[in-house]
Amino acid sequence: MEPILKTTNLSIKFGEHKAVDGVNFEMPAKHFKSIIGPNGAGKTTFFNLISGELEPTEGDVFLKGASLKKKSSVERTRLGVGRSFQITNVFPNLTVLENVRLAVQSKRKVRFDMFRHFLQYKNITAEAEQILQQVLLTDKMHQVANQLSHGEKRKLEIGMLLALDTEILLLDEPTAGMSLEEVPAILEVIRSIKERGDKTILLIEHKMDMIIDLSDSIMVLFNGTLLADGTPKEIMDNETVQQAYLGGLAYE
Amino acid sequence: MIKQPSILSKTNLFYALVVGVMIVLPIAMDSRTLTILLTQFCIFAILAMSYDILLGYTGIISFGHAMFFGVGAYSTAIMLSDFGPTLGSFMASIVVGIVLSSLISIVSGALTLRLKNHFYAMFTLAISGLFLVVAEKWRTVTKGNDGFTFRAPEFFRERLYFYLFVLICLVIVFILLKRFVSSPFGKVLVAIRENEQRTRSLGFKTLGYKIIASVVAGAVASLAGSLYAVSLRFVNTSVMTMDITLDALMMTIIGGVGTLIGPIIGAGVIEFAQHYLSGLARDYPIFERWIIFFGILYILAVIFFPRGIVGTVYMKYQEWRVKRGRKSATLKFVEEKE
Amino acid sequence: MNDILKLGQVETYISQYHILQGISFEAKVGAVSVLLGRNGAGKTTTLRTIMGLTPAAKGSVVFDGKDISKMAPYEIANHGIGYVPENQGIFAELTVEENMRVAIRKETESVMQKQDYILELFPDLKKFWKKHGGNLSGGQKQMLAMARAFVNDSKLLLIDEPSKGLAPIVIEKVMEAITEMKKHTSILLVEQNFMMASRIGDTYTLIDDGRTVQSGTMEMLIEDEQLKRKYLGIG
Amino acid sequence: NNDSNESASTSTDSSVQGESGKEEVVSSDPIKVGVLASLTGALESYGKQTKNGFELGLEYATEGTMEVEGRKIEVVWEDTETKPEVAVQKATKLLEDDAVDFLVGSSSSGDTLAVLPLAEEYEKIMIVEPAVADSITGSEFNPYIFRTARNSSQDAYAAAAAIAGEGVKIATFAPDYSFGLDGVSAFKTAAEKLGAEIVLEEYADPAATDFTSNLQKIIEAKPDFLFVVWAGANSPWNQIADLKLQEKGIKISTGAPDIIALQFMEPLIGMEGFTVYHHTLPNNDVNDWLVKEHKARFNGEVPDLFTPGGFSAAVAIVEALKKSGGDADGNALIPLMEGMSFETPKGTMTFRKEDHQALQPMYSIKLEKVAEFDYPIPVLIRELSPEETEPPIMN
Amino acid sequence: MELIISLTINGLATGMLIFLLAAGLTLIFGLMDVLNFAHGGLFVWGAYTGVFAYAWSESFVVGIIAAILTGLVLGFVTEKLIITPVYGNHVQQILITLGFMLVLQEMIKVVFGPNGVPVKVPPYLAGSWEIGELTIIKYRVFIIVVGFALFGILQFILKRTKVGLIVRAGVMNKEMTQALGINIKRVFLLVFMCGAALAALGGMLMAPYSGIVYAEMGMEYAILGFIVVVIGGMGSFQGSLMAAILVGLAGSFMAYYVPFLSVAVNMILMAIVLIFRPQGLFSVAKG
């Protein structure tokens, strides 16, 4: 089967520093893969290369066999590569609902409709509200995004990604800063997406318990290179990973 | 649930009332001065609204808005004087102005709308500076800095008719722009203003949106310029100067950016304050330096209306609702803003 | 008297919103006090109130015997409180080095030594010394934010979610560092990672909906399954 | 105390006039004159000169009664702020709300041009003062327009008369916009008619501060004269002196401007050129009266470049009204004013029939340092008769 | 050859003069990111007070000192009353500073009268040297020297102290700088005052060059200042210097060789730089 996402010798250099260095990776559709690696290993950069935020200095990304080299980040989103951001990145002065509604709007083909009142697109609003329910933000719906606490912004970030409804979801530390109580709820959201079985998911996380629980496979980045790629068990037993990443702390 | 927009909303009725008053006022007062003042006000209100599309909705500061105004003004002036003062050539000149402005917006936008903030602002300053030079130098057509007079179409010689025409333009432009900004397209513009990079990663081609926004703004400004030329029956290079841009900018900011109705109010405040203050100077010699008071007006506006008149009133209203403990406050606020 | 910090019925508004509605707790000298609570409970706002960034409308904030609730943030900082904000507050267009230079109040011998110690703790920072702060990875930013707060000699450190976005191995190092810091500094910590909180915390304060719910020693919390379930969703 | 005169140039008892007017055929209502001038902004000083001149002119022409043919004259002042749209607004206000019978103004050509069509629309006489653009009495002319100010061409003819002659090589230097371009082109025509050769036309950005490049070129062209058309604050005089043009055998010529600007012309002492007015130049009773009264009224200040212009405009109005027996109707006045001559501080002016431009004396002068003045002043070489500087008819 | 030298010297002098105008803006606009349209007002006030003090004391140096003092005082007032409420908000900055500009400009007329005032170059700087065909105006050489000296001093201060760093940090994140124990308000105030003093100094040095001071001169030169700061790269003195010299030389050479374009030269230059190097010639942000 053709892999849905593939990279060949993907590399990027910032000055002399190779942040991502010759990564060859591929994953089948509807697969759940997690990426782990020490801080600065190049995980976010790897995402940036896939989503088109950055241009590789070498190598290429393939979506369903087609090269993405010439595609801008906008086009990639439209082709089905959606992402969330590690550093919260929302529309600060718009309400939570509007934030999500924009994402829904992007998915539907109403972008260039200039003279209909947007409130007439009831289904867009309805869908946005439904997503807010999923990410537990219904009661904050009409609050302006910069009034949210950090954890709440993280939830909004996920909500926007869900609203985009892309085939591939790139999740960059979705639960960082989320409270103990709420992590499970978000996990549930992610799990339910996985279980619906129509999405391909790439997840960056540092919470090992969560990763092991969810992932079909795990890949490890280290200093920009692909250190290992395998089932959760294989990875957890890997000596090098233990040393380079987990340290003495296995996981809870 | 959010209420659906309705034509018979309170706000719309209020607007209708205001328009009614604006129609009746000059007729009832039978004052041409008032008619002219109101005409100027409407024209600048249109210009300021067009600026708000850029500044308030898309978050673009432009220092070159006058060039679109000027293009409109010159198109109309030149066509009316060359092809005769008919309504036909007037309408044609509006179209020509709009087409030219659109072309300019597209070219300059494509070149530099990727730039951020000051850089784009300074670029527009440069481009409009160049246009001013062209207007100055192309003397066979523009008569340079002195400018030239021309005849208005017969129908507009009666200033009241012209005023009503301008008022209708204002209303139509307002309705269209209101639709424009509250359409899904307009929402994307706001998103660009808030966080352009994020908008892009949601799958919107922001450059295209920005160019269209600047085309719309340019076209409306050009319309304002055409009307302005006819209202004066004269045009010179002053229509292209920084002063016009600054006027539009001030009106927009004083009224409240990103509100559309704000710029109209701002235009009113500035036009009437200017008229009134300079009138004071005539009657009371101590007001000889009335411009000082005018400047103080700006300063006070920022201090007391930090978000512009409309923006600040909305904000205060919202705070008041929260203080009253109404749960629906934010909801109401959102709805009214939209 | 061994309270380095004492909040008494602190209430804080952000514009018209009543965010903190009565926060009281003490932080002991030389101890690690932990603030716990769900998202939006008001933990960050509490730290910001102590720092003077969103000043308290009512109540007292007594630090080292002085009421600091009316002081400007920089005065509070100069009284010896260091702050690691939850969004890291990195100066994106300054290099790592420049970020550190802005933070360092006086380039004394001891501070420079401390800087060396910190750089050993976070070698990534040394590696990217000349890099713009905005280009760092998420975890590196977190490290830089901590390094900036650690480098000065403060009497109290306010740290908002230090473990966020850090690899497990680095979390270990941070815990090490905090334990080391504890020798000369008191620490007030907001932490979601209960494993970390329980390992290095001495006392805890539970916040919900802008109010203090309960305070006590960490041992007590670890024991109290009910409390944990109710407010932290664990147990 | 020039402000106290504002809008109240009529201090005489109005009830008396009301009665005396009753027998007249024409209305006995006061005659209203609306004056547009830049009373604020960059051209403020011009506006003020016009104002002072106009008030004195009225007084002089009515012999202090402020009435003509039994009708009181009222003046309403409006500030155009040197913005065409404001000028139009204010002019309309004057015509509508104040129902003025005459318009006078204004300090900038742009403002004036914008107001011209209104005069025609309302069929009111407009006296243009002191705007100079040729097009006002040229391409943009309408029959209600009369101009007491001299126009650019008259300046040019006066300038040419001062320096041009058979075989004289002249370079010109002017700011790169209408005023400069028109000035130079009119000068060129006039000078070439007198047999001179224009060897170089240099134009500079009016906002520039550095003119050395232009001057360098002029030096290289080795003309006999450099004729400069200039207006505006940052003048090239210092740099002309610094680059020693005069020492290099290039004589400078330009129009002597208002007193403020003369202060900056120290480097040009000795230059020969022309001027429109300086209070020491005209030798007639009107001017004597003007200087005397002006000094008396404004703390010893003397009338400036545009004061006699304002004065002349007032005289023209009063004289026209005398001719019409107090009838201020625009259409009735046009034929009476065409060809009308009247006495002004600059001597006799005559409205030319074809384009209503007042032909007037101009002055060939030399700039000199004179003991009693702390600025260089234009000293008369020769008065140029109105015919000598008669510009072509361009409407 | 003489021609080239002469054009170069004149261009350089004009450039230096522009740099003097832009130096204050480099601090206020470039570094502190305040769109200060009242800058021209500070400039004019410096020029007027300086010129009047110079006329009264008959000492050019006294004039310069008076201008700098005026700049400091006005800078203090402006920062406290006008700028403090609007840091970080360009839209409000435009409105309030333009309003203040009108006030400053009109107040000039109230205090010093509405007319332009002539200014003479002090005798020891007046006149020109002639070397063969070459004429060199002394005051221009003076301007060039002062410009370089000032550049040196500013560069030294900015490089040797943390001030530049702190201001940039403060602009990026005001709260965080405070939380690091820096009284950023006072730093901003001081930097603003310095910027204002530089503006005032620029005005004063400009006065004898153009031979006149007048109320409207501020706005014209302020725009030129903005252009230079943007071309040079925000917040970099080095950039402003180079950009100013570039503008000066371009003006000088264009006026000679392509006079048709000389009116538009600044605008063309800026448009080209923005299209091809939008961050400016020397950007601080992008190392």
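Letters A, B, C, D and E name the chains as they come in the text, with residue numbers starting at 1 for each one.
The rule is short, and it goes like this: contacts are C-beta pairs under 8 Å (C-beta built on N, C-alpha and C of every residue); 3 or more make two chains touch, one makes a residue touch a chain.
These are the chains along with the protein names UniProt gives them: A, C = ABC transporter ATP-binding protein; B, E = Branched-chain amino acid ABC transporter permease.
From a predicted model like this one, the values you see are computed outputs, not experimental measurements.
Asker: Measuring between Cα centroids, which chain is at the maximum distance from chain E?
Answerer: Max centre-to-centre separation from chain E belongs to A.
Asker: How many Å are there between the centre of chain D and the centre of chain E, using C-alpha atoms for each centre?
Answerer: Computed from C-alpha means, the inter-chain centre distance equals 37 Å.
Asker: Based only on mean CA positions, could you tell me how far chain A sits from chain D in angstrom?
Answerer: Centre separation, chain A to chain D: 75 Å.
Asker: Using CA atom averages as chain centres, what separation in Å is found between chain A and chain B?
Answerer: Each chain's C-alpha centroid was found; their separation is 42 Å.
Asker: I'd like the Å distance between the centres of chain A and chain E, where a centre is the mean of that chain's Cα atoms.
Answerer: 49
Asker: Show the residues in chain C shared as contacts by 2 or more other chains, in ascending order.
Answerer: In chain C, the residues touching two or more other chains are 17.
Asker: Can you list the residues of chain A that touch 2 or more other chains?
Answerer: In chain A, no residue touches two or more other chains.
Asker: Note the residues in chain B that touch 2 or more other chains, in rising order.
Answerer: Touching at least two other chains: 136, 289, 291.
Asker: Quick one: which chain pairs are touching?
Answerer: Going through each pair of chains, those in contact are A-B, A-C, B-C, B-D, B-E, C-E, D-E.
Asker: If we count contacts the way the header does, which residues on chain E are in touch with chain D in the complex?
Answerer: Per the touch definition, chain E meets chain D at residues 3, 6-7, 10-11, 13-14, 17, 109, 114-116, 118, 121, 127-128, 130, 135, 137, 206, 209-212, 214, 216-217, 220, 248, 251-253, 255-256, 259, 262-263, 265.
Asker: Per the contact definition, I'd like the list of chain B residues that touch chain A in the complex.
Answerer: So the residues of chain B touching chain A come out as 2, 4-5, 176, 179-180, 182-188, 190-191, 194-195, 197-206, 330-331, 334, 338.
Asker: With touch defined as at the start, can you tell me which chain C residues reach chain A in the complex?
Answerer: Those residues of chain C that touch chain A are 14, 17, 37-41, 44, 86-87, 124, 128, 131, 135-143, 161, 164-172, 192, 194-195, 231-234.
Asker: Considering the complex alone, what residue numbers of chain B touch chain D?
Answerer: Residue list for chain B touching chain D: 31-33, 36-37, 40, 136, 139, 143-149, 151, 157, 159, 228, 231-234, 236, 238, 243, 274-275, 278, 281-283, 285, 288-291.
Asker: Where on chain A does chain C make contact in their complex?
Answerer: 14, 17, 36-45, 86-88, 147-152, 155, 173, 176-182, 184, 206, 208, 244-249, 251-252
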